[in-house]
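Presented sequentially are two complexes of chain A, the first with chain B as partner and the second with chain C.
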Partner chain A sequence: MTRYVVRRLAQMVLLFVVFLTVTWFLLYALPGDIVKQKFATNPNIPPEARQVAIERLGLDKPVLIQFRDYMINFFQLDFGLSFNQYPRKVSDIIAERLPRTIVLFLTALVSYYYAGFLAGKYLAWRRGKRGEMVVTIGGVGLYTVFYPWFALMAIWLFAAELGWLPISKFLNPDEWRNAPFTANQVFIRLFMTVLAVSVFMAAVVLLANRIRDHRPRTFAKLGGVALGVVLFIWYWWGTAGGALMRPYAGDIAEHLILPVAVLTAVNFAGIMLLTRSSMLETMREDFILTARAKGLSERAVRDRHAARTALLPVTTSLVLAVATVIDGGILTETVFSWPGMGEVLVTSVSNEDIPLALASFSFIGIMALVGHFLVDILYGVLDPRIRVGG
Partner chain B sequence: MSSPPLLEVDRLVMHYVTEKGEVSAVEDVSFSLKKGEALGLVGESGCGKTSIAMSLLRLQADNAVFKSGEIRLNGENLLALPEDEMRRHRWKDIAMVFQGAMNAWNPVYRVGDQIREALDLHFRPRLSDAEVTERISRLFEMVGLNPAMANRYPHEFSGGMRQRAIIAMALSCDPSIIIADEPTTALDVIVQDQILQELKKIQEELGMAIIYISHDIAVIAEVTDTIGIMYAGKLVELGPTVEVFARPKHPYAYLLLSSTPSVTGPRRKLAPLEGEPPNLLNPPTGCRFHPRCPYATERCSIDEPPMEVVGDGHQVACWNWQEVPVTISQEARP
Partner chain C sequence: MRIKLARWRWIAVLGVFTLVAAACAQPGTEETTTTQAEVAETTTTTKAPETTEPEPTGYTLTVAIFSDPTTDNPWAAIDTESDVWTGYVNPGQGSLYGFQFPTYTLAPALAADPEPPTVQPDGDLWSVTVNLRDDVTWSDGTPMTAEDVVFTFETVKKFDGLGGNFPSAWPLAREDDPSTEEDESNNGVVSVEALSPTQVKITFNFDPGLAIWPFSVAIAPIYQKAFWGPKAEAAADSAAFYSESGLGAPNATAYNSSEREPGAFWRNVAIDNYWDQGTRYTVYENGAFTVERGGTTETYGGEPSGDVVADYVEGPYASEIVYSLYSDQNSAVLALTDGEVDFLLNPLGLQRGLQQLVLSEPELNVIVNEQNGFRYLAFNTRKFPMSDKAFRQALACRIDKEFMANTVLGGAAIAANSLVPPGNSFWANPDLEETCAGLSEQERLEKAVQILRDAGWTWTQEPVWDEANRDVIPKGEGLRGPNGEEVPDLTLLAPGPGYDPLRATYSLFIEGWAEDLGIPVKAEPTGFSVIVDKVFEPSAVMDWDMYILGWGLGVFPDHVFDFFKSSQDSAVGGFNTPGYSNPDFDALADQFDRAKTLEEARDLVKQADAMIAEDLPYVVLFTTPIIEAYRNTIEFPATTTLDGIQNWFGGVGLATSTKQAA
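Right after this comes the complex of A and B.
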């Protein structure tokens, strides 16, 4: 397993360098240059100033030198200054935006995978029953719907008409006027607590799986999950730090509901159908027959043998999901005015803010690679054949 | 004939319902099994052997229907049991080594854990951790595997080892009956033979009954006391293995034996078995073998021949069994 992880990590770094190089040259090859665009259109700027700017930005150096400098700086985590929000550091902008995007899409991803997996299991279970038709048609209907339209309709219905949820943005500025925290502090705290609780729950479930007896095992799992929820509540309600931040976290959470719900509605059907076909395929395997012949209940056969094995192809599809987060991300962030990485990417590219665009591309690339890596690890944990083969 | 039968299959009729009609896969089959007995079921592919095996565990396909008949285990009709009671009999009383058992292991769990699953299910009071480990080690040794392998995953086992482990799992709950459906067809010949011999040795040592299923009559001859010959969903001949081998009474059995190289004696030369087995969606009337039978008479295509006792524990379903020559070597079996 360790060897497998190390090899995947090395591959990842190499891939990233290639990705960064290609992106750099592609952006370099973009027509037009920033100095002309910003300076030439303004007659009040003297030509000397233009020359100074060119030299200070290093734009007069040969391409390869520029490239080398960029790479060296990049790996020292210096991504330069934004042209458009000059003299703001690109790294500051990214640090501000990245957590927002990660929180939104991680929540959505977990939500729609979970919904899709449960629905798929249900479908495979109720094959040929009426419930199957309803869920399939509903899910596929949502899956094929034109996404931006659907999102706008959801905003119109739940936010504008019914007024249940905030219309857009990621927080309500009125409530934050005298806030003792920045939005990012809250975002990161929110993210860390959810992460800690999830890791705790996963650990308990994994440990509980070693218990042989069914009853205590189920008890330990449910207990672990319940304890995780209690810990989460305790932090946000019971501790001074948590309670102080809670209204702000609540505001952000409220803004998360609609985009997450829309993303889940639109995406879960894909996972559902995949789980269903994977389950049906697994149910035909010989080892399912063995499990039945051993005298296991139908439920144990499905949950312990079929669903557990059917999870493998579903996990593989996570890799693709990580990729769709990126293009879907731009759409979602635009429709919900969610100021995350997608929005930065679009504005920086259209404004030719090269340093910011480069860094945004890089971080989206890093996100995809890390996501891919985590899925690989997860797959290794789930499938012993990979683990040993590594 | 002193001990009462452990298992009785009594006039079992099982059909598969399909869009094209009903497949008559098991038609009026009766046999019984005593404690410690080794029974073989032989027949061409598609004659209903697996269907019978699955029926015994009530693991028949979803589209299968039991039309009539009973399967009695110690006098209790399994077909009438509610599902959860049936579950308690599976593996505890009747365990199975499946056809194509290569894929009988779930790839994501350790082999030992998969055996333990059966132990946890059927032992009351539950075995302790130490007892489970001890038991699995003993089973592994019995089937010729290193006990340390129990902590490995199925993909780390070779085909033969997987099959041995399956046998270990089948033995794990001390069943009174083991069904071995083509237990070794996927393996190479040498391993096949080894495993069969070991299985037979273990079965005799532990005194459990076993039902071997194969399309290869030579394989079965070596390890069984009784043999049943199936043709197109019907049991056409049933008797002591030695007897059936020496004096097959049914024309199909006779032709089958003459077209198979003898286990010990010289190769028998006779009219080969011609034609194809019938489509069970629409089986021939009367005797199902009549389109292929060289001894068929007019009556054969109209009336179904009943099972008739022709010797000690030897039964045949044929109108004209007396026409079948008694030419096969008397010592077909060592």
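Right after this comes the complex of A and C.
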């Protein structure tokens, strides 16, 4: 296993260098450059100002020198200065955008995976019934809907007409007047507290699973969840730091509801169908027959035997999806005015802000490589039949 | 067991809901207020210093913007980071002169002289002495003096002229290389001296025309020495200087930047000691205006005549301006309809598709103005057949702009002929007519054929108008130039329909009209950046035939010369992409550079405009209307102005006199 991990890590590094090189040259092959785009069509900018910009951005050097410098700087974790927001560091821009992207898309991801898994499990069990037809048609209908239209309709209905939720954006400027925090500080704190509570709950549940007796095990799980909730409430209400930040976190959470709901409605069907087919396949296995023969309840057979095994492809898909969370989504970010990494990717490429585009792509590349690596390892852990070769 | 498991799950779900509810719940106001003050001292945020933030007392003007400003440093906002959004939200600095809303008449701002003084010879150099107002204060209450003007120039000089718009605003004089010819780009400002706290002398190394004085240096931004001086002193280079935050930096306008939350909003707050507050401006149709300040009334820009186009008292009326970022116009329109924002601020205006939606809302107002710019067809005059004037004239004759604007493009475009849009009334040449104006399609064809034939062009098959089919049957074939050279296959580059459907459509019609004449033109939808890369690249001047692009313009029409004088050829990095070279035109350009009065300059612009309309390196095709929407809860002093209301929102300009509706 160790040799396998080392070999995979080495492959990842090599693959990343190739990826970075190809991406660099592809971006540099784009027609024109940012100076032309920005200044050539502006009659107020004289040619000498264009030359100043070219020299500042290092575009006057030969391409191979630019590439060499970039690679050296990159591996020293210096991603350079943004062309479009000169002299702002690329790392600052990514650090600004990443928290809000992660909070939105990770929340949505967890939401639609959970909804999709529950619905898929239900469908497989209710195969051929009217309920299956309704849920499938509904889910697939939402899955195929034109997303920007659907999102706008949701904003129109729930925000503009009913007034239940805010009209896009991730905060309300009126409530942030003279705020002692930046939105990013709140995003990070919100994310960290939810993550800490989730990890705590997951740890309690995993530990509780080791308890053999049913009653104390259930009690331990319930207690763990309740304690997690209490800890969360205590932090946001009971501590000075939490209480001070709570109105701002609440404002962001309120703005989170609609995009998460829309993303969940549109995306859960994919996971639902994946779970359903996996469940159907599992339910044909002998061990399900054995479980039924033992006299277990239908719910126990479904949830404790079939669903757990059927979880494997869903988990794989989830890990890979988590790896792509930092891509954000340009449509969601645009319609809901939630500028994050998706917007950075699109604008940096269209503006030919090469350092910013490269750094963004690099993060995505690293996350994708790590995601695939984790999936490989996870397969072995989740499915005892799979073992990696030395 | 089944019941207990189900209960466990429900408790888990309830737990998650509790977490969300806990995060969403709002605390008591009292608790927030007290604790905020404690933490504000210790937390690093992007807020301005407390001293520059008066508590809002009036109304909040909320404006939707569609892209995040790139910087809060007002120096960087004019350099490479400059974009229209950054220009909108940065509250501006102040300048010696500015433009009067809504007519764009040059008007004194920080200067006391009603008209910009004339530049005079000063030994081997040229200089101008400007008197400053003695009642102007920065937003921190300190007086603005000549030292601030000197500091601004010296800072630009320290950082070698800076970049972006600075070389235009504060052009630096540089030494000519004695071994080469005199280089125009070395012309600029030699020095700026403070003769007294209210008198500043600006010295040039050449006799500047209007384009430099007053239309560059006199309207250049001036920064406060007390605030920026130490920062400029400490900065090793411009990058370090630009990294300084400008939030709360003193300025000489009515608002001061207060807060910025990247990706969400920008807030400017009204200052309580704005030096121009309460001044009454009455602007007349001919651009002249009166200023009533402190009991005295003065007249500027000539003798007033015509209707009053704006009559207002300078604010600020809004206690704060919040620029709220929306990434999508549809969401922003919903926010406008819902009362979340008062005005949609966009250099491109409202999408036409949303105009009807906005018109159906009684509490919203829609205004339509002409944009200060034009879309054009350019010929590469370095290559045959575009090098032949008759060829260009014949093709231009076939282009029916009114038909295109009104019928094909359904009013989304306004036919244009002049290089100066009619809305720029002082400079425009409304009498300039398009080639073959007023002719029917048949007459246009016949006229175009006549132009070519008269110039010695021949066909193997001459195009003929078929009245029965109302079409050109047969089309022209075998077109040859006066020297017998066959017309090669030509390419017309134009932005694709995804980028600009108007220009894409136009290119297809031009292709058809050209083919009627026997000119083998192929319209090629091309990415905007590809076209720009090709036509502005000095080494690629022979790699294209024709293209369609557009220009956004400033008020002072020096572009008329910059786009066509031979020294600006794109082969040497200039704006003259057609490679147009005409000694008569260059002579006009030289006269324009030396012009000392607006009237003299205007006459030269009109002559140049007419010359281009005759020679046609460009065929000006159309301009577009700018549609804007705002709630009836606010009131602008006027709504008819070139380039729309948005063009006056830069540096909080018009926002200062935007009132809450009665």
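Definition applied: the second predicted complex is superposed on the first by the 315 of 390 C-alpha atoms of A that agree within 3 Å, B and C clash if a C-alpha of one lies under 4 Å from a C-alpha of the other, contacts with A are read in each partner's own complex, and residues count from 1 in each chain.
Rule of thumb we're sticking to: a contact is a pair of C-beta atoms (placed from the backbone, for glycine too) under 8 Å apart; a residue touches a chain by one contact, two chains touch by 3 or more.
Given the structure is predicted, the values throughout are model-derived calculations rather than measurements.
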{"item": "First (chain B), second (chain C), both or neither touched by A:Leu77", "value": "neither"}
{"item": "First (chain B), second (chain C), both or neither touched by A:Phe287", "value": "first"}
{"item": "First (chain B), second (chain C), both or neither touched by A:Ala29", "value": "neither"}
{"item": "Chain B or chain C, by number of chain A residues touched", "value": "C"}
{"item": "Contacts of A:Arg308 with chain B and chain C, given as first, second, both or neither", "value": "first"}
{"item": "Touching partner for A:Ser297 - first (chain B), second (chain C), both, neither", "value": "both"}
{"item": "Residues of chain A at both interfaces, chain B in one complex, chain C in the other", "value": "214, 297"}
{"item": "Of all residues in chain A, those that touch chain B in their complex", "value": "212-214, 285-287, 289-297, 305, 308-309, 312, 382-385, 388"}
{"item": "List of chain B residues in touch with chain A within their complex", "value": "57, 59, 84, 87-92, 95-96, 98, 100-108, 110, 114, 116-118, 120-122, 126, 129, 132, 153, 155-156, 166"}
{"item": "Touching residues on chain A, where the partner in the complex is chain C", "value": "30-33, 36-53, 56, 81, 84-88, 96-97, 100, 152, 155-156, 159-160, 163, 167-171, 173-174, 176-183, 185, 190, 194, 197, 214, 218, 221-222, 225-226, 228-229, 232-233, 236-237, 240, 243-244, 246-247, 249-250, 253-254, 257, 297, 299-300, 303, 333-340, 343, 352"}
{"item": "Touching residues on chain C, where the partner in the complex is chain A", "value": "1-2, 4-5, 8, 11-12, 15, 18-20, 22-27, 31-32, 35-36, 39-40, 43, 45-47, 53, 56, 60, 62, 68, 70-71, 76, 80-81, 161-168, 185, 238-240, 242-243, 259, 261-265, 267, 322, 324-328, 330-331, 334-335, 337-338, 340, 527, 529-530, 532-534, 536-537, 549, 551-554, 558-559, 562-563, 573-575"}
